[in-house]
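Each of the next two complexes has subunit A plus one other chain: subunit B in the first, subunit C in the second.
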Partner chain A sequence: MKMNFPKQITAAQIMAIISNTTIGVSVLSLPRIASEKVNTGGFLVTLCGLFIAFIGVLITAYLGARFPNQTIIEYSADIIGKPLSKLIGILIIIYFILIVGLVLREFGEVMNHSLLNKTPLFITITSMMIVIAITCRNSITTFSHIQYYYFPFIILPIFLMILLSLTKMEIVHLKPFLGNNAEFSNFIEGTLTVTGLPFIQIGIFILTILVPFMQSAKRAVIGSVLGVTVSGTTILFAVGITMAVFGSQEIGKSLWPMFVLARMIQFPAEMLERLDLVFIIVWIFSAFTTLLSGYLLVTYTGAKFFGFDSQLPFTFILLPLVITVALFPQNIQQLYEIGEWVGKSGIILTILYPFLLLIISLLRKKRGESN
Partner chain B sequence: MKKRRRNPELSSLILDKNRNVKTENGLKKTVGKLEEIFKSDSDFTVRNLTIYGEIPAVIIYLNSMVDKDVINQDIAKPLMNLSTHQNKSENEDIDNRTIEKDEESFKRSILNKALYYTEVEKEESLANIIEGILRGKTAVIVDGIKEAFLLETAKIDKRGITEPEKEQVIRGPREGLIESLPSNIALLRKRLPVPELRLQSFQIGELTKSKIVLSYIEGITNKKLIKEVERRLNQIQVDRILDSGYVEQFIEDNPRSPFPQVQNTERPEVVAGNLLEGRVAILVDGSPAALIVPATFNQFYQTPEDYNMRFIMATLIRWVRLLALLFSVLMPSLYVALISFHPELIPTAFAVAVTSGRSSVPFPTVVEVLFMEAAMEILREATIRMPKQIGSALSIVGVLVIGEAAVAAGFVSPITVVVIALTSICSFATPAYDMAIGFRMVRFPLLLLTGILGFYGFVLGVLLINNHLISLKSFGVPYMTPVTPMNFGELKDSILRAPLNAMKDRPESLLPIKKKRIKTKQLEKNNPLQQAKRKQQEGE
Partner chain C sequence: MIVRVIVSILIPLFLGGCWDRHEIEDLSTVLGLAIDIAEEEEDSSPNHPDSLNTPTSEIGMIKVTAQLAIPGKVPLNPTGGNEGTPTESVWVVEAVGHTMGDAMENLQQKLAHQIFLGHLKVIIISEDVAQKGIHDIMEYLRRVPDVRRTAWIAVNGDDAAQTMEAAPEMERVPSMYLSTVFKEAVGLGKFPEHNLGIFWIAESDKGRDGLMPYITVEKGQHIKIEGIAYFNGSKMAGRTAPYQIALYNGLTEHNPGGSNALINWKENKGILVKSINRETKYRFQMENGKPSVQIDVQIEAEIREKTAKNVNLDDSKIIKEIEEKINQYLKDEYIKLIEQTQEAKSDIFGFGEYVRGEFPDYWDKHVHTSENWKEVYKDLDVDVGVDTKILRTGLKNR
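Presenting the complex of A and B:
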């Protein structure tokens, strides 16, 4: 008897996975990235960026619902033919290896900045990656259980942080809403940068491997909509409050404005001298969940690409590759430049490509077997 | 009993050799063979007698395992009396030789007139006769009858029913399971007098031939679960099962995990309660601990008392236990992370106190804590096996050496002692011993990780432990069940202990056949004395 039913993931778990994945360490720098080009319009840019991400998630969810038993590698071959889908498949894998590496690097930088000032970056990154690779060896159902477990540990503290810093907020900092002398092209660029943020990309694409494990593929749509809504609200609130507390001028000065915000918070009863280290736990958790999703995406898609059934053969092989990518940027400045470029061009792969697949599958009336 | 595949490499050679040997008509041959097998074992007894005054017969038994009164009164006496009685009344029409010829009727007359014993088996296979004798049965072999009679005469001393020492309760029954399987079954039957209670027996252990009973309630427990337990039990091939702990290790899902995936209990009412929830219990002859599967993390911080208490108290006490469990793993590492990596987190006044306490300590905090933890473990291990008289002396030494002298000598800081003491107390607050020990062991790697990477290492370690717990399964049921995957119905009996009224369904993760278990509605309250008083007043 096998008591582990393969199709077990519920809509609530999808929600947890998507929101855990889209809330990553990069949220720390999001207020800066968003307000870089349009200053006070950062809030609106984030909103627009998240909206595009929302559409992206919807597309992958619908695509998944059409092919409930297959991953993107498999159904893309049905839709556009094997050679082309293989080519794009390779691109996707490479792209996500880059993305995971960049997220990992950013996480390492945050850790070295806040906790481990003297530890080499390599150690920080490798130890995290080993934990992720070990966890990645579990089944996809267990993966969703793990994600579900961490969901409250990530969402609740962030809301607590928002709540505790409400007193320091000044609405003036958010005005004008459309940004000071921001041009439309700046807006578009900012929006694309936000959508292209690596953790959002992983969040959009993780659905493509989860749908075959869902109780019913239709619930994938509900779960993903809920997930993006939850994480979108959280991110928006967090970005808004950070901007409202500091103002766009101040935000530009620090690498991780939200981190500074956490440092400012004081708990009513002074149990601990500083609270930012407590929030560090949250960021480690959220980085873990994001990276776990990303790494699972890479290994599982890779396994499917080479015709394996599970991600097990790839969990340790890809480890050095990801760490190498993470160590590639010379400094934080370069990291963010590369990240922006890779993320923006990745939108083609993660949103446009599934969109085209969906259109073609609708036109050619292709459908996966439903069970 | 199911026939198991025998494993010739592990099983008894003599029994295997005689598996196909049949008893023969001649009394002497069979007795000779048995004497050859038992050689001159001190308790092997052969008593010769004659039936009808002339037919030779023997009673064979191991005198260490049988009830001699029963043999004297109920076996030897009637057999011998048979001759006189028979001779007196029927000696005219029954010729001994005719009886000898008519084996069937002879057998019947012995069974019907002499051996008025309830548990009699007729056995032809020599191996089965030997096994019977070895289990305390008495073999009666009569010349002229091919089969031997095996009579249940075993009388093996067992201890009385006492309260289990490791699961004591303040409010609840004081009965505990003991080493004898029939007594345990009786304790269980007493609580579940329904025909649905199934007790399926197995024999595992090629040499110990331990009796194992798989018990469940038909119509509640999921059939696939029962099949799986059966399958796992049938796969065990070993020469011995000396305690239920052996069985546990053979059937658990992940033997390499530090956390137990099978619950064990010595309380019959816990077994009954779990059966009623749709779980399966495994009783092993010779072991007072019953195994319960599937077991999730949830079960290991609960006690039977939780259900006897009112729900608010039970819930609060559960929180205390959970807190203790968390503390027992996290405290030492958190202490190290805070003191040696992030002293800025602690309020300044306290930080000053800590540093002044540590001023004379020569080691880094990790080494100090590791050393003290190791000392604590040694002390605990030492006190468990000691006789009570020495135990108290040992604890005084422990208290003095570890508490006072070590601090006075500047070996450890007083706060470290406080942390270590709290940690050990917390680990004793966990009701399940095997869970507590699992967590105690896990705290050492966590401490090492924290020592190397500080707070970051601590969080990584916590992540690893969490992920491992979530990925564990017990008979296919995820270990962290009511929490992840979330299950609201079961959540009522995990971190909370909802009122009994509210827990209407059996745990859903066990997929029980019958789901409902409680139908009591909110009580309608009358006030009888008030009514009586009113009546009295009206009467006046």
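Presenting the complex of A and C:
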């Protein structure tokens, strides 16, 4: 194994990366998606969905700790053999190109609906993607530093938003906890939809490329547990407060309930009247960090797949592909239909597949060289 | 190196966009919007072919009256010169359409600049519109991203459009004055906080109905809150008297108190009591498969005035006696208000939400929809207990 890259990523940075990645634009629609079938049970569905995501992150972290110097493309070849791992590898790459494209489109739609009504979608999307592609050309250590830097700018405003909305909430909107007329199958379906949300998927998988750059692979487990806990708490609180303020019926009527909540925010005594803009900008940050992780994941995994050592050759080649995917859905309705379908089937790739890899590697007593 | 420099100069050119550039002078900023039912085909809609097939909203043809800010005339800071009187700083335009959206399009037809609803402060609907149903109007307002949920929506007793013409001297922008009326009323405890966003939530909730301030305009000058207009779904079901606003605030724990009650002591001599703070608790029970609610209102109050000469306030027994009297008086009034809304099937207190939350099994089996809840609410057992505590009697002894 070559050792020509610096192993510098700390557990704190892993935490920041995972939190930033799992808090993406899709959180804006999460309360609606979660409460769609189970109304007031939406909070519980979010909790379950995040719990599955937590397990998914744990699996990839343990897998990474077993093979501290390799990415998933490399160690899966060791575990299940080259042909099968190559096949699944290409599926993973296609899957994440789709996911990044869909997240990008969702970001573009949010911008077009709220701030930039007249700007063509293509411009919003392309300019964002160019910035991301350029940022992706940095080393993975730099990538961690960038994510670490953005971490407080994402977490703190969201908690401020929660704090400022506390006075408007009505606990009765969260009751009954299990939802009115909600069946068990609805819960399962809702949970899978939440787990299948693109930002959670990227959050789970980004670990697979980061572990080789960590100071010590064991810390990956600590960092990822911390990361999921931080982002999970943030998302849970944010979904909870949105549901408590609006109630599940009202949530069902708006496209991005949390966005509506962000726009309602007023400081006490009306100190600054249009502060809501600050909270809108936070979602641009969070979209950026999510897409950055997603795009790095695609390019780096792609590079490893074709035997390159860094993601550089792919950063611009994949750009048109991702933008094409983003422009494919005709409207939001189609976007969410495609997104739900792709996301749900992706659970097989991002959670089930690593889980099988872990089991087989345990059975076959395979593990990577440690340093 | 040179390539890098060129690229870094070129990229910003593509990253900036000017599609969404707005010059503030080139926007028709709508500050207030009044919605009436068009009396006849005042203006036939120019945006459709003339045929009988053009659909209309559930309430028929709609007339919108918009109050537009005139750029340069609206004072930007409170002390800034005398730019204009209230009537000069705004321009009132009206348009008629088949639906709300159609009417807004026709309004646009009359204006050179693009309509901008981001600064919409108040929406006034006429009582006719409210009674026939506001579902179609709300549908439009929800869909437009500019409209902010902090805008106020109110019902005007007769003609909504005249509210837009009203020009109080207090503030230089009439709509600003209107929204100040509502905000101050909330601050003083004269009206519950119930703006557009809260109305929407109440309207959506299965076990709750919305309410709006009911206002009247006097002499084109005074704008008075004349009560609560309560809704049954999207239709106005009735209104309360002005004094009942305080009772509603008490039952729903809207603070500060701020409301006065003149208690009849003896021989039409009275004691004026002002509430300071209220605490309200709901206790829901399930008896024989029917829900019932026990409301306990705790009021902290002070005595503001006493015209009854034969009472001395230096005795704590007398204070107790006064408290008892207030309790009885308020209890009767509370029950009266609740019965009034029960008759109209308008659950403005949101009891249904509590029943849904506390007894999901009962709700799922017997209620399920908001229409069913209204039937249940009509016969809901409500009991009110009032506990007043007089904390202060003012500077005067006795």
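Remarks
In this text, the second predicted complex is superposed on the first by the 362 of 371 C-alpha atoms of A that agree within 3 Å, B and C clash if a C-alpha of one lies under 4 Å from a C-alpha of the other, contacts with A are read in each partner's own complex, and residues count from 1 in each chain.
Operating definition for what follows: contacts are C-beta pairs under 8 Å (C-beta built on N, C-alpha and C of every residue); 3 or more make two chains touch, one makes a residue touch a chain.
Computed from a predicted structure; not experimentally measured.
Within the superposed three-chain model, A:180 lies in touch with subunit C and out of touch with subunit B [touch as defined at top]. Contact with neither subunit B nor subunit C is seen for A:324 once the two complexes are overlaid on the shared chain. Within the superposed three-chain model, A:333 lies out of touch with both subunit B and subunit C [touch as defined at top].
After overlaying the two complexes on the shared chain, residue contacts for A:131 are found with subunit B and with subunit C alike. Look at A:345: by the touch rule set out above, it reaches neither subunit B nor subunit C. When the two structures are aligned on the shared chain, A:116 is found in touch with subunit B and with subunit C. Once the two complexes are overlaid on chain A, the subunit A residues touched by subunit B in the first and by subunit C in the second are 115-116, 119, 123-124, 127, 131, 134. On subunit B, the positions that touch subunit A within their shared complex are 224-225, 227-228, 231, 341-342, 344-348, 453-457, 459-460, 463-464, 466-467, 470-471, 473, 475-478, 480, 483-486. Residues of subunit C that touch subunit A in their complex: 11, 14-15, 17, 19-20, 142, 145, 148-150, 197, 200-201, 204-206, 350, 353-354, 356-358, 360, 363-364, 368. Listing the residues of subunit A that touch subunit C in their complex gives 40, 113-120, 123-124, 126-127, 130-131, 134, 170, 172-176, 178-181, 245-247, 249-250, 252-254, 260, 263-264, 266. Across the interface of their complex, subunit B is touched by residues 1-4, 8, 10, 12-13, 111, 115-116, 119, 123-124, 127-128, 131, 134-135, 138, 142, 145-146, 148-149, 270-274, 277, 280-281, 284-285, 288 of subunit A.
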